[in-house]
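For reference, the structure I am asking about is given below.
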Amino acid sequence: MPNSFYILMIPLLPLAGFIMLGLFGRKYFKNTSGVIATALLLASTLLAFYTAYGYFFEYGKVDGVYQKLVPLTYHWLEFTKTLTIDIGVILDPISAMMLVVVTFVSLMVHIYSLAYMKGEERFPAYYAFLGLFTFSMLGLVMAANIFQMYIFWELVGLSSFLLIGYYYDKPAAVAACKKAFIVTRFADLGFLIGILILSFYSGTLDFKTLISALTSPESSALKTATAASFLGISALTWGLVLVFVGGAGKSAMFPLHIWLPDAMEGPTPVSALIHAATMVVAGVFLVARLFPVFAISAPEALHLVAYVGAFSALFAAVIACTQTDIKRVLAYSTMSQIGYMMFALGVSKYSGEDGLGYTAAMFHLFTHAMFKALLFLGAGAVIHYVHSNEMKDMGGLRKYLPITHITFLVACLAIAGVPPFAGFFSKEEILLAASRNSSTIYYIALCTSALTAFYMFRLYFSIFWNKEAHAHGEHKGEGGFAMMLPLVLLSVGAAAAGFIPFGHYVSTDGKALESEFHLSFSIAPVVLGLIGIFTAMWLYLKQNDKPGKIAGSLNGFYKIVYHKFYIDEIYVFITKKIIFNLIGRPAAWFDKNIVDGLMNATGNTTALISEKIKGLQSGKVQQYGIYFLAGVISMAILFIYLWK
Amino acid sequence: MNLLLLLLIPLVTALAVLLMQNKQQVRWAAFIGAIMQLVLAVLLYACYRTARLGGQTAAFLFEKKYNWFPDWNISLHFGVDGIAIAMILLTSFVVIAGVLVSWNVEKMTKEFYFLLLLLSLGAYGFFISLDLFILFFFLEIAVIPKYLLIGIWGSGKKEYAANKLALMLMGGSALVLVGLLGMYFGGAGKTFDLLQLSTVHIPVATQRICFPLLFVGFGVFTALFPFHTWVPDGHSSAPTAGSMFLAGISMKLGGYGCLRVATYIMPEGAKEYANIIIVLSSIAILYGAFATMMQKDLKYINAYSSVSHCGFVLLGIGMLTQTAITGSVLQMVSHGLMTALFFAVIGMIYERTHTRQVEDMGGLLKVMPFIATVLFIVGLCSLGLPGLSGFVAEMTIFVGSWQNADAFHRIATIAACMSIVVTAVYILRAVGRTVMGPIRESYVHLTDARWNEKLAAIILILGILAIGIVPSWLNELVKPGAAIIMQKIEAIK
Amino acid sequence: MSEFITIMKSELMVTAIIFILLFIKLGKGIKNEHLLAGIQILLLLNFAAGFFMNFEASLFDDMYQTTPLIAFQKNILNLGMYLISLLFADWFKKTDHLAEFFILMLSALLGMFLLLSSGNFLMFYLSLELATIPVAALANFDLQKKISSEAAMKMILSSAFSSGILLFGISIMYGVTGTISFAALPALLDGSTIQVLALVFLFSAFAFKLSIVPFHLWTADVYEGAPFAVTSFLSVISKGAIAFVFVSTLYKVFQPMHTVWYNMVMVLAILTMLVGNLFALRQQHIKRFLAFSSIAQVGFILVGVSSNNDTTGIPSVVYFILIYVFSNLAAFGVAAVIASHWGKEKIEDYRGLYRSNPFLSWVLALALFSLAGIPPTAGFFGKLFLLTSGASNANYAFIGIAALNMVISLYYYLRVIRSVFMDKNENPVTPITIDPYTKLGLIICAAGIVLTGVLSPVYDYIVSLLQVN
Amino acid sequence: MHPGLNEILIISTTLFFIGVYGFFTRRNLVTMLMSVELILNSVNLNFIAFNKYLWPHKLDGLFFTIFIIAIAAAEAAVAIAIIINLYRSHQSIDVENAEEMKY
Amino acid sequence: MSGLLAVTTRSIFRAAIYLLFALIGIAGLYFWMAYEFIAAVQIVVYVGGIVVLIIFSIFLTQQSGEKLPQQRLGRQLFAALAAFCGLALIMVQLYQHDFIGSPETATAPTVVNIGNQMLGTEVGGYALPFEVVSILLLAALVGCIVIASTSNSPKRGEIPITKPKPLTN
């Protein structure tokens, strides 16, 4: 077992950064905050690498199987004797891998931002938020307890909110951050209820025991969970589906994806970190974390995962082809790629060769983190240069931004699945897993793959080729060393990560899985990818009217796609018209008029009665006498005859 | 540790305030008194911890009994358990914050602080009472200060609101009174003593009558649907400290009463009516949340959200599991701190912008970063973000509720869970509109919080964080109390 | 003979004061201020003397009886009398007939003492008249005011009518049982319908004096028309005395018929509280307001009476009356001060009072809170004990109605509070210099309101008095 | 021949209610006072009758009557004084004119 | 019965005279029942005192010939109804009840007996009520003097206009 202290430092260092900069940044670290945060994160990254190294190569493997280690727990909150939140650190292949990814990408973004965000008024706040995010994301990936995961899940959502809303005086940013938070929150509701269901049946919140309770066929927890049913579906499946809903929200799966494109209102490095590399894959990570339960006990839920993932992949790819805002293209691309990972998990089975999808998904997650972060950072460099997100403002930038150009190209090749870049390998495995399991999904995946290549290169050509560029004003160059270093490092990753024998380290059951190559199998995707690339080249290499024509010929469809299938509008309709008008407004009205009205009516009635009976007090002494006698007589009658 | 100190300090402070010569002295006297309260409360917690660790197992510690009206078997019987200590801590936090944010009340300062301190006296007395009569006594003591605070220092429809509040609360306490009398005669032979009443078995027929009386009576205090309508009006019209005390302390009296008096003494009654409680509180949670969405005034937003949040308290009680009950106490504490802070911030904003309408604001983060950040934090706490107290409380309630396996409880729990989304919607809407967005021309010159406001906010935030980050201390504090209540309920299963 | 003096000392004291005043009146005129001071000293002495040498005894063939409790009740009345002499000093100093005023008032007080001690219906009737007729004359003491004589007229006629009813009831009772002695009566009661009839008649007469709905109608008019001192005498002292007698008569004399009168009490209590509250809601005039509020208070007293339990019912009623003396007198005292300085008796005229006269406002607030039963004022304890003793019959609907009525009553008390503390007044009033006597009276009242409740020995003392016999 | 108890009771009760009726209907204060006297007289009659026919061993009823008569006199005196005072201020002794205070 | 006339006639003076007759009639009944002392008191006090007082006050306040204003018919009916209900109720009750008298020998209502008891303090003595009544009459006297005396004059100590004469004591 490792000495646990330093593992703890991995998340705590960024947290320290957050606290320090959050509290005192404005006053004391106005300019130095970036450096401080970066230094802290560098330390943290090194520790993370060290930990991962240690896990993978020193103590993680026992008898050829990677173990789930829980080196640290802290008794945080005890609901009941068994249901407790023990905040802890779990070490297993995926968490170790994620540690590396998160810290590394985060570090890149930190460094990149030193230049990119320079001169911002809320510079310390920015780094504080980044620190908070890194802390939360690390907490999430290391969570040993499903509730701990939920906690950090929420915190990640918060930091995402904060960073999207970084430019708080821009109404669009405010709207976007709210949207992101609320949509994911809605999904989290599913996650939460899922947790409640799972924990109720398994009697624990701890991942290790929870998984073992819900997977071993003889456990009573599993039996009751599958026996109990609601709407004909077993409780366990419900639980897992709901958990997946949570994951889908964070990972922007259809139909909960709407927040992701809008989230691009945040600073671009943030998009790179959160909305491309790390946070959005949390859903995938969540499913992967609970994968044994999915795979062994509730394959139906896994099917859902597969189909949702596949559909999202294709859906997002189609939309990405029509968008003109480069960050939005990347956002839809992200969604599409995550869809890939999801269905890869969905088509996987537990153990051995059948678990290829799982490995592939994780692998893709890893490579995707590299090239997508790279893409975003590259895009950031571009935006930094042209001060615009729109493709029409760009073109021919290869001369002015050479390093960016190259690294961007690497990333595009990687995502398009061109060998030997990283994306090729991971995608290949996914397709293989899909083809073994379900042909529908396989064809969707192929299709998506081609589209991916197309829209990425559409992007690439539009930015760097197309029309001839003119120099953009005062600041030339690419933002200096701080911005270029991450690009270069990441492009190395994007180029070379594919050669890591991923299956050795990450697999469903912890045993090594040999990645295999079938050249014949690879031909189809690669060819399709190349077709996509060349189509894009044909259309966008030079400025011409072909795209417009094509768009025109596909008029109706194009419009629908351009408007992202009107999903946003549907949401607006549901929220504004239905939730607000049909529930909120009536509730408020009901409260004001009926409930409160009743309360007030009680008062008014009293006053009214009081007014009505004032005639009793007529001021006439004789009438008083009559009432007196009437009182006597009625009392006499009452008590003599009626009430004995 | 003599619990009488908890009564003496506010009393002495209140009297001292009356004797002071000028406004500045009044403020400092009140402030010092509030600090002493806080110190005392913390000390009490420490003593309690020590005593428990030292192996004291009695349900209530530091018990003291002084005869008072012996002919009625009434005595000044004081004692605390974890739940009470939690509430006392809450009160002391809110009091000190309330004193601080009222620093620049210029109108009848002396009276203002006097009433605040009187209110705190009522709250402390209520929480430490082990005799139902004095419990009721303190409950009612706390009503009139609220009325005056709203009526004199309030704004808007203050008279209407003050009246409504006073009448509804008194209506509630009238029901409580009848219920208490029922216990007195129907219980352990003419006694108001909580401990004695808890040891005997009260006839089920009596419980059937008294439980709803007590529960609804206390429920009015804690915004039980449909008796919550005093909440929006009362809170929105009250002065800042008044709203803080109302929502932070006063509403908790009701929840505490529901738990300590109604549920603890009458387990059968609780079981019998649990489903109704659950239905009502689920309605309150969702309906309050939806109603909040439509509000435009910041105070109304917080008031309606209080309805929703207090619904959790009652839901937790209605669920009748140990975890849920613990959760509802946590929720009380959490909501108390949070809502007090929320009102404090609203007060600070209002003082500067002279509006509470969400539409009229925007971009306040630019000119008052501190206030804006606090508003943001409190909003996050309200929507149950981990690391802040709201999360801990709500999750405990959810987990506790979920332990009831039947469909009815499940649906209620899910309904309650749904509110976290709605909460997010209205909180972000409110916070987004006020703090974020472009700033208005007329607000550019506004200034950030002063020292007293900062201190108040920091104290409350510390409380929120202390629960949110390290919840186990509070959980461990409250749990034995909940366990005792549950023992009685489980005994009848 | 000396025994006779100690037994009847309270009556004799009062008679002595009456005669002293009579002689003073016959002699040369003394300035009002001096006379008033003298009267106050005498009344204080009288009050002080009431604490000593109280024991159980009876005289005149049981026509006169006394117990420590009765002595205490008398002393509560003495206290009230003393407070009245303090509180309305302004008015006393101005009046033309100070000595006569006190002669009449003390005669009425004497009537009440005898009423408390009466041992048969004859004494009962006589002392009741003695307690009423002078007050009717007193009601007319604002000789220039039309409403004053109207009030007196209403009072004398309706009370004559009610004594007619009372006497008719007594005559039937006499006819059926052949005795007019309280001691002999219980054994002869069998609950036959004619006895119920007689009881109803008697009960109505009580109800009239206590202004229980529907026999209350004279109350508000008389209160409004009469001078403040008389109004407060009527509402506090006569009502207190009658309430004491009412309880002991029901408990001791009509004990065999308690099932019948329990129902009567319950029905009338509900009616009284409701009607009193509903009327009080809409009053603008402070005296009428206090009149209806005191009607509602009587409803609460009835709740306590309904308990039919010596050890809870009687002490709680006595205790409540003691508190009620303080509270109501304080309220009337403040109202009188304001009326005599501003000539204003409308509630709306009280707006902004707090700004100019914080002392008066606080006393008024205390008094009203006490009347409303808000802790920590004594009224809270008083009301709560009444309700508690009422609840001993486990009739929760009844108690519930009573408790809800407390809420209604709170509403109108708060109305006054609101005027005083919250409303703004365009022409703010100047601060009033309060007469030192009045101030002393108000302070005593306020102290009484606060201390009587919190200090439980007061209540214990009342119970201990009860347990002597 | 002596009248029987029942006859006397009938007479007295009737007289009582005649008095009551008069009290309710006469608008003149003095006549209202006279009605009250009728009521008191009927009660007196009752007492005497009961004393005579049922409980002759003691003279309770008789004494009661004597005292009632005395009180009636005093009451009448005060009432008339008040009425005269009212007449001075209102210039009328019609009861309908003295209803300034109401509601 | 003249009592009925007394309450219905519209002339106030006639009403007083009818009242006189009613009172005398009652005195007659007392005679008839052999309670002569009471009959005498009745005639002395009522006929000689109260009625004279009433007539006196009538003279003071009103012209004797003036017709009394009629009460509203509704009120009259209602009053009659209420009175009749009461009458019927009581009659029924009295009629249903069997009055059982005391078998003991009667004490003769002679003046001697009455006098002795009236001022006796022992068993059966009525000294205390007697004193009470005297105080009451004194108080009534004082009250009357004040009320009837100076209402229109601000000065005090003036001689009263009307001085009702106390009839006993």
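To keep things simple, chains are lettered A, B, C, D and E as they appear, and every chain counts its residues starting from 1.
Simple rule for what comes next: a contact is a pair of C-beta atoms (placed from the backbone, for glycine too) under 8 Å apart; a residue touches a chain by one contact, two chains touch by 3 or more.
It should be emphasised that the depicted structure is a prediction, and the values quoted were computed from it without experimental measurement.
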item	value
Subunit D and subunit B - chains in contact with each	A, C
Shared interface partners, meaning chains that touch subunit A and subunit E	C, D
Steps needed, at minimum, to go from subunit A to subunit D via contacts	1
Chain separated most widely from subunit A, comparing mean CA positions	E
Maximum inter-chain contact count - chain pair	D-E
Most central chain, Cα average position	B
Centroid spacing, where centroids are CA-atom means, of subunit B and subunit E in whole angstrom	68
Distance between chain centroids, defined by C-alpha means - subunit D, subunit E (Å)	5
Centroid distance [mean C-alpha coordinates] between subunit C and subunit B, Å	42
Distance from subunit B to subunit A - Cα centre to Cα centre, in angstrom	36
Overlap residues in subunit E, where contacts from two or more other chains coincide	75, 78-79, 82-83, 86, 89-90, 93-94, 99, 101-102, 124, 126, 129, 133, 136, 140, 143-144, 147, 151
Residues within subunit A bordering two or more other chains	603, 614, 617, 619, 621-623, 625-626, 629-630, 632, 636, 640
Sites on subunit B at which at least two other chains make contact	167
Pairs of chains, among all present, that meet the touch criterion	A-B, A-C, A-D, A-E, B-C, C-D, C-E, D-E
Subunit B residues touching subunit C - in the complex, by the definition given at the top	67-72, 74, 133, 136-138, 140-141, 143-144, 147-148, 151-152, 158-159, 162-163, 166-167, 170-171, 174-175, 177-178, 181-182, 184-186, 209, 213
Touching residues on subunit E, where the partner in the complex is subunit C	89-90, 93-94, 96-97, 99, 101-102, 121-129, 132-133, 135-136, 138-140, 142-147, 150-151, 154, 156-157
List of subunit C residues in touch with subunit E within their complex	15, 18, 29, 59-61, 63-64, 96-97, 100, 103-104, 107-108, 110-111, 114, 122-123, 126-127, 129-130, 133-134, 136-138, 140-141, 143-144, 149, 152, 172, 175-176, 178, 192-194, 197
Complex contacts: residues of subunit C adjacent to subunit D	121-122, 125-126, 129, 133, 136-137, 140, 143, 145-147, 149-154, 156-157, 160-161, 163-164, 167-168, 170-172, 174-175, 178-180, 220-221, 224-225, 282, 288
Residue numbers on subunit E that touch subunit A, as the complex places them	75, 78-79, 82-83, 85-86, 89, 93
